[in-house]
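Two complexes, one shared chain (chain A), two partners (chain B, chain C).
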Partner chain A sequence: MDKKVKVVPCSGIGKVFGLMAREAALETVIELCPEKSETVCLAYLVTGDKEVKEQIEGFNCITVDGCPKMCAAKNVSIAGGIVIEEIKVLDTVKEHKGKKFGSPTQLDADGEVVVNEIAAKIAKIINEKK
Partner chain B sequence: MSELKVGILSCSGEECLGGTISRLATRKVLEELQMVDTVTLCLPLYLAGGKEERNFAKVFPTISVDGCDKLCAKRSTEKYSGKINGSVDVSKIIGNENALNTKIVRNKDLTEEHFQMVEEVVSEIVKAISKISPDAYSGKTFKGCSCGDK
Partner chain C sequence: MVENYAILPCNGLDKCAGVISGEIAKKLCENEKNEIICPVFYRVADAKYNKIAGEHPLLVIDGCPTRCASKLAAEKNLKISQRILITEEAKYHHIELNSGLRILENEKSLIEIILNGLNKAEAKPTKVSKETKASYNFDYETFQNGKFIFRVPKNSEVYYNENDCWAYVVGNLARIGVTDFVQQNLSDILYFTPPEIGAEIDQFGEVGDIESSKALVELISPVSGKVVSINESLVHQPEMINENPYELGWVAEIELTDFESDKELLIGFDKYFELLKKKVEGSNG
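What follows is the complex of A and B.
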């Protein structure tokens, strides 16, 4: 049975914080913890298809959200995932006041810095869980 | 005057390149298209959001943009929000092998070749928009995605 932690970002399309959530999750599953984590398409979860519910139901999940709507956390919970941590991009962004992070399309250098910080936080949680 | 806006909904799938291309192409249309105003919504808001989000496709003529042939954006929109006016399947444009690439998904890994794919998808979105009947515009208003300003 695949016991990888599922890291699911919101990938919000309206603001840079959605892109930061997406890139941080991908940095974690591709670069930092490829053996211990993977992602699942949030849009696939929204379909409610049986196959995707089976991928997430009962598994440990870390959600990464770019806005207070908490779409990733809510949808993962609805799908039956066990949300062990809800990462809020804005919590890390607050530590970088006055910086420009880029656009919903492309991150600036400061955006990349925050993404790497968030990814490191996620990786730490995953490594401490195992 | 009624607002002549088109809604564009991207799957933005995180598992493969097709999702990244769908997201970038949708953003490019939102930012650059001049012929008609466009608006978007984060797809997961259908479940996490409220009535306004669920009325999206009832308010706007809507185009879905999906990264692979699961067509999550199209199916979810029709399930929660109403019939859509057109759909774009990125995998049919860039090929299944490219669309399902799980190694190149991050923005920072994209090359000129991938940005060319984005352009091709943008063209298809524009074509889909141009096929929308003027009768499809309801004239109702919507402030756009809750997470952003467009």
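What follows is the complex of A and C.
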């Protein structure tokens, strides 16, 4: 098993901030840090499957949550992942008060800006991690 | 056509097929009559999603043969109306999916084929929200506590429950919503889950919920009856409740079934205004 940091977003479906969490995770693992990070399917993880649990257990993880339910952070932690950072989309969203971010199915330009900021934040954490 | 469905995607993220599953679900939910079920949150929010799944035909979309979404539906004893397995569809249509997580040309083609196939299916009847033509004119009294200003309608037609919800009664109809106390406490409201059109609501029954980064609040109906319309603008702009919870931010209109009886358990402006002051002062410690 490699030592890539696992970037795990909430499922991100049905709400715009969830979509932003998911997009930020994809931006990180595909574009910004493909060598140092990868993602794990949270929907699969919550089924309790042994195989997917092994991908998380004992590994450094960064969770990205779209709402205060913190599904990603909670479930990764329960599965034995070492959560080195809990990213909350709302923290970044609050810095963009008054903007429209899009819908649960499609991000607007301001939504993309927030996604890029979150992805950059995650990438910085990954790159600073030895 | 897939309309008025509950959509349960696996929403997988570590395989291209899972990403396609989520993408198809999102496309289907551009039709606002469809409801999406989050496969992760469903494990902790039974009540919310059981209701959606119970009131709509269910379309399950699995990305890979692990079939997480189908397993979840089985665990929850849901009746599946239609089921799609993305990897099987790709095989059937001779489309090779990429090994990454991005939607490229092949994946776009498959999504289009699947959506076209779904849209050829038989149309289902839908329930439509029709805002009534009743007239609601509010006359406010205000109460200030520090920087917070609380407005309370003092019209005799407006009734309150102790859960800080109001009902403006006109004839056989009531428009309902939350008071300034709720919106001030929640701060920026981010989400609104409306009640189902046509749903029969008991007095003090749940009639949707609103959520901010601080808390989730279930809306407690002051009156009993049938939901005849909802404020559809709130679904995409729940912040309108913060702007004005009485006018722009009303929640639903209810056709009353037994208001004479409901009224006995409600309070008018005078009592609610006093209650509000106590609550505000109490919340300041």
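In this text, the second predicted complex is superposed on the first by the 129 of 130 C-alpha atoms of A that agree within 3 Å, B and C clash if a C-alpha of one lies under 4 Å from a C-alpha of the other, contacts with A are read in each partner's own complex, and residues count from 1 in each chain.
Here is the rule we use: a contact is a pair of C-beta atoms (placed from the backbone, for glycine too) under 8 Å apart; a residue touches a chain by one contact, two chains touch by 3 or more.
Predicted, not measured: the structure shown is a model, and the values here were computed from it.
Overlap between chain B and chain C is detected when the two structures are superposed via chain A.
In the superposed model, A:Ala119 lies in contact with neither chain B nor chain C.
When the two structures are aligned on the shared chain, A:Gly14 is found in touch with chain B and with chain C. In the superposition on chain A, contact of A:Leu107 is made with chain B only, not with chain C.
Using the contact criterion defined above for the overlaid structures, shared-chain residue A:Ala43 touches chain B and also reaches chain C. Using the contact criterion defined above for the overlaid structures, shared-chain residue A:Leu90 touches chain C, although it does not reach chain B. Once the two complexes are laid over each other on the shared chain, residue contacts for A:Arg22 go to chain B and to chain C alike.
In the superposition on chain A, chain A positions 9-15, 17-19, 22, 25-26, 30, 39-44, 46-47, 49, 67, 69, 71-72, 75, 104-106 are in contact with chain B in one complex as well as with chain C in the other.
Across the interface of their complex, chain C is touched by residues 9-15, 17-19, 22, 25-26, 29-30, 38-44, 46-47, 49, 67-69, 71-72, 75, 90, 103-106 of chain A. Those residues of chain B lying in contact with chain A across their complex are 10-16, 19, 23-24, 26-28, 31, 40-49, 70, 72-73, 75-76, 79, 103, 105-108, 144-150.
Those residues of chain C whose C-beta lies close enough to touch chain A in the complex are 9-15, 18, 22, 25-27, 29-30, 36-41, 43-44, 66, 68-69, 71-72, 100-102, 190-191, 211, 213-214, 236.
Contact residues of chain A toward chain B in the complex are 8-15, 17-19, 22-23, 25-27, 30, 39-49, 66-67, 69-72, 74-75, 78, 104-107, 112.
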